[in-house]
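Naming follows writing order (A, B and C), and every chain is counted from residue 1.
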Amino acid sequence: MRKLALAMSALAGLSLAATAAYADIKVGFVTSLSGAGASIGIPYSEGIKAAYEFQSEVGGEKIQLIQLDDGSDPSAATRAARKLVEEEGVDLLIGTATAPSTIAMIAVANELKVPMIAVSPINVAPAEGGERWGIAVPQTPQLMVKVIADHMKKEGVKSVGFIGYSDAWGDFVYNGAKDAEAEGGPKVTTNERYARTDTSVTGQVLKVIATQPDAFINGGSGTQGALPLLELRKRGFTGDFYGTPSLLNADFIRVGGKAAEGVEVSAGPVIVTDQLPDGHFAKEIGLKFHEAYKKVNGKDVADGFSGYSFDGWLIFLNAAETALEKAEPGTPEFRMALNDAIFSTKELAGVHAVYNFTPESSYGVDERSLVIVKLVDGKWVYQPESN
Amino acid sequence: MSRLQLRLVAIAAVLLVAAAPLFLDPFSVTLANYIGIYALVALGLVLITGVGGMVSFGQASFMGIAAYSTAWASALMDYSPWFGLLLALVLTGLVATILGAVTLRLQGHFLSLSTIAWGLAIYFLFGNVDGLGHFNGIPSIPPITIGSFALISSERIYYLIWAVLIAAMLLSHNLLNSREGRAMRALRGGDAMVESVGVNAFRIKLITFVISALLAALSGWLYAHMGRFVSPTPFDVTRGIEYLMMAMVGGSGYLLGAVVGAALITLLKDWVQDFLPLVAPNAAGQLEIVVFSALFILFLQYARDGIVPFVAKFLPQVRRERPRAVEPLPRRTQPEPGQTLLKVDNAKRAFGGLMAVNDVSFEVRSGEILGLIGPNGAGKSTMFNLITGALPATGGKVVFTSSDITNEPQRLIARAGVARTFQHVKLRPKMTLLDNVLLGTYARTQSGFFKGALGLDRAEEEQARHEAMMQLERVGLGDRPFELAGNLPLGNQRILEIARALAADPILLVLDEPAAGLRRQEKLALAKLLRSLRDDENLTILLVEHDMEFVMGLVNRIVVMEFGSKISEGEPSTVRNDARVQEAYLGGVA
Amino acid sequence: MTPDIAAILALDGIATGAIYVLMALGFVLIFAVTRVVFVPFGDIAAFTALTLAALELGRLPGTVGLVIGLAVLATLMELYSILRAGSYERIPRALLFYLVLPVAIAGLVWITSGTLWPMPFRIALALLLILPVAPLLDRIVYRPIADASVLLLLTVSVALHFALVGLGLLFFGPDGARTESLTDAMFMLGNIPISGQTILIVVAAAIFCGLLYLFFDFTLLGKALHATALNRTGARLMGIRPERSGTIAYLAGSVLAGVSGILIAPVNTIFYDSGFLLGLKAFVGAIIGGLISFPVTAIGSIFVGLLESFASFQSSAFKEVIVFSVLIPVLLWRSYTFQHTEEDMDE
């Protein structure tokens, strides 16, 4: 008898999920509004709001944006992506804050043949047949690390200590640094890890100091990225600090205080839009982004993440114009056309980079996407490079 | 409602599950897949937590071990997912066996806390062991293929998931109604009773633990090939806790509770995700977990047993048939009357400095009822525990049918033919009278876990049920075999314990204060029963008792203890006139 | 590893351990009196740190909203149960404790927000504000199920922790905070620098251990708590109301959580969800003490701090694996030495 009860309840629940009607262009956006990735996920969300404020229609078609939270959990991200495609019938997926969740979403995009714009730096896997349904907007970690490593080399740094998160991000930065080392960059002396919730990195810092590197590269992110810097200075380390764009947020500066002063990071130009020379590709569009961002979020842009959402949106808008000429939104043909258009993006200037995608590659940025910025008196200052 | 009707309902439910993808939209099928996968883990939790009484927060890590095994095998090493399944089961089973062997001797909440500990440790291992993709996980896991048919879409893998789930439920259902399954159900409430019927409680716990881990492993394997991607996060302890919530919400004491709980929580989450942005557009993500946790707390405050038992109250009861008369289980031959059956030789037991039993010797002869009496604190119960193996002796020897049983484990003494009852009744109040007595037949039957799960134990099970029914009838409780034991008055609970002991076909029946708390009529009936066991079946009985009147009229001989020593022994009339006995009982006034 | 490094690690471990001591004592205190494994303990410590950080920036801490919300909910529940019992004379008292006092504190912080008080005042304000949280949660969540099994209470605690993390994100936002150092003093012990902050942490932990000891051994209230811990029914028969003992235990626990939060805020960035792992590690210490013994708990917590510190040097990636794996042998040892009764298991 109990089995019947089950079947009834299962049915009652399942039939609640209704099929959606197809109308405007629908875009599904997944981000982490809770969980460990929330400190990145919320800026992503703010970025997409700014993007929607910037332009919410394309080719005369209204765009409908649906946002879901994945709680920083890959299975929730998978479910959210499936829900957006299967229930809402979106034409495009954008997401999400953590790398594993983004990889999980790509798997859904590949299976359901929906184009996906990844806003986290990930390695995009192609589908079974080899066709690609996803691109990644951000600079690859290799590129982020390479740019800062080249800068280090130029400044005469021979060896560098590493402490990073014990998560996907830490892996990315460490691997990037190792790649740079293989190409003649500074030698990486340590691979120490800490968790975002750790109270102390004394042990790791002592190990770094014991290897006597010239400088230190930080594989943490955001506020807690300041922890190794504080501890290194406290333990008497005098070398320079280097980092990646993930350090850029307001609280990093506040928490890092004196210890963080002088840290140099490779960063998307969006961080220093107003300091860019006129004529820089990111200047004009960057100012528009800052304006839209301030309007919807009531504060200034203080991180690089929101810019990725914005650039993802720009890539979508650009591709959608082409795709609309070929098919009706909400159809498999439209998704196909949109995907083709995304993969033929040419010289599209965003707030972070100039994007070029080809059907062979899911990565569309080059070294123009990263500038060196330095923390001076609590502000990020653009460091024009004389190449 | 008859069994036939029940079967029809079950078949209809299975057909409904089979037809579901035809009328459900794609996302509902996706949700159903998640429900199936979560229900498998929750099913394991029902077995270990609801049935076995061991709360585990760590099931997600077993799921993770399996998911990572198959991901490694199929995505990184290019083996077939079916090899991945084999590897997943073997590896998970191995880890569970080792963890279980180390931690299952822990008691109560310590055991649960240890599951949090190893759950966290295993989670951090996933992210840090080289070759497993670290925190980025392993992408591009191939789909499961059957022949050349790849289970790539939601609709295709749906059938595999639900077939596995339904099979697992059927096997679990069979198992719980088998010999070993009854032992599993009896674990909840302590080891002493199950050991006393010859069950190796630790072995049962370990096997239950491994079964629940293997169910999680199946789920992990399906999960990996459905999402085609694994990373550490879904196998965190917090997820393990979520699975526990599912089992508890559904009803952790019921197999169906796993499915109902998994369905309810998955659908509720989906609904909350849709609903919250309408009321709180700016804080939906943050509020989701708050609303969800609050609902769960409310649920635990007001409906702790879960949904299934609540709903079941309104459904027609299934009629259960009384056991059929079949060929009875083989019986032991009782020894010739008058021989030495049990010999206690200078037994000693100290608690710290106190000698609870000090150099006591006596023997029990076959075919007699021996009473062991003495005032409070005389050491009777300690003596009793030395004989049944519940306590190790400090010195001396206990010999039963010419083999030395001193310090043997309880269950081996039980298997040798000593059956006991408890001073504080130890029954399983939520099991039926028949099931409680069936526990007694454990040592006389052989069917193991596999036979039980596959239903190959039916013939033996019929015999055991028949035996249990006979014992119930003999003690006068045969009219309502399907009543729950907890509903009996205390007097009848004591009688039920005797029926359980008799079902073990003992040579020696050891009763610990069987008359305590009984009314006069009940005492007379008990005495009559014991007499008939001795006279008609040559059963030997050792009685530890307090109630002189009850003992005097019943026993052949009496051993009297005081302050840990034997002070008198002999026939009732002799003992009654012993000055030392009178002094002990009357406090030296005589 | 050189002796210098070992010494630095040891000092660091002791400082972390001392914070764990405070939290672990709170765990033991609450568990002993109420049988609740108060998982959200770490969250409350983290909330204190975030409250202090907000006050430092002259912002209104999210705790104000949290306290007011909880107070209203608790008052409604209390009034409902009073009305059902018909004992109207309890209404004024209930209103005072569940509504007026917490809201007054929250109001005080609200009115004064924006003014930058000197550090000691800020700390006092943060502590005052966090104080009602645990007792209110007790009223709302645990009181209705006070008679449930330890396992059910544990499960409820875990759910409550999730709820608090969500509320934390809502009220405090996703970014971490770090407060100003309580002291910048530095001392040299041979070659080894010791920060004033480390000394402060250890001293504070020692003081609170001492206070707890005095409280339990020399005050009537403490003895009543102890009695409740040993035997609820017995205590009730002696006229000690377990509910009241519970409230006091939660208040005392709040103080411990608050102090540990304030001590940790300057040495580590605290996020809305930092509490769980902090609490869990402190909890390992509490388990070493068998959730009963205060002195063994203190030693165990220091041990966890040291273990963590040395593990982070030896193999930082596997630090958590090491710390949590250690719990298993500890639990085994505990379970063999701990006298348990079989009746405990009956549901």
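Following the convention adopted for this analysis, contacts are C-beta pairs under 8 Å (C-beta built on N, C-alpha and C of every residue); 3 or more make two chains touch, one makes a residue touch a chain.
Model, not experiment: these values are computed from the prediction.
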Among all chains, whose Cα centre is located farthest from the one for subunit B?
A
Comparison of A-B and A-C by number of C-beta pairs in contact, larger one:
A-B
Could you please state the distance in Å, as a whole number, between where the Cα atoms of subunit A are centred and where those of subunit C are centred?
36
Cα centre of subunit A to Cα centre of subunit B, whole Å, reads 51
Expected list for subunit B, residues touching two or more other chains, is 124, 128, 286, 288-289
Overlap residues in subunit A, where contacts from two or more other chains coincide
34, 38, 41, 166, 193
Using the touch definition from the top, which residues of subunit C touch two or more other chains?
165-166, 169, 317, 320
Within the complex, subunit C is touched by subunit A residues 34-36, 38-39, 41-42, 166, 192-204, 206-207, 210, 222-224, 226-227, 234-235, 249-251, 254-255
Subunit B partner, complex, touching residues on subunit A are 1-7, 9-11, 13-19, 32-34, 38, 41, 67-69, 71-75, 78-80, 82-83, 86-87, 98-101, 103-104, 106-107, 111, 122-123, 125, 128, 166-172, 193
Quick check on the complex: what are the subunit C residues that touch subunit A?
5, 8-9, 12, 15-16, 19, 165-166, 169, 173-178, 195, 264, 267-269, 271, 273-274, 276-278, 308-314, 316-317, 319-320
Contact footprint of subunit B on subunit C as seen in their complex:
37, 141, 144-145, 148, 150-152, 154-156, 158-160, 162-163, 165-167, 169-170, 280, 283-284, 287, 317-318, 320-321, 324-325, 327-328, 331-332, 334-335, 338, 340, 342-347
Spell out the residues on subunit B that touch subunit C in their complex, using ranges where they run on.
53, 55, 57, 102-103, 105-110, 112-114, 116-118, 120-121, 124-125, 128, 188-192, 238, 241, 244-245, 248, 283, 286-290, 292-294, 296-297, 300-301, 304
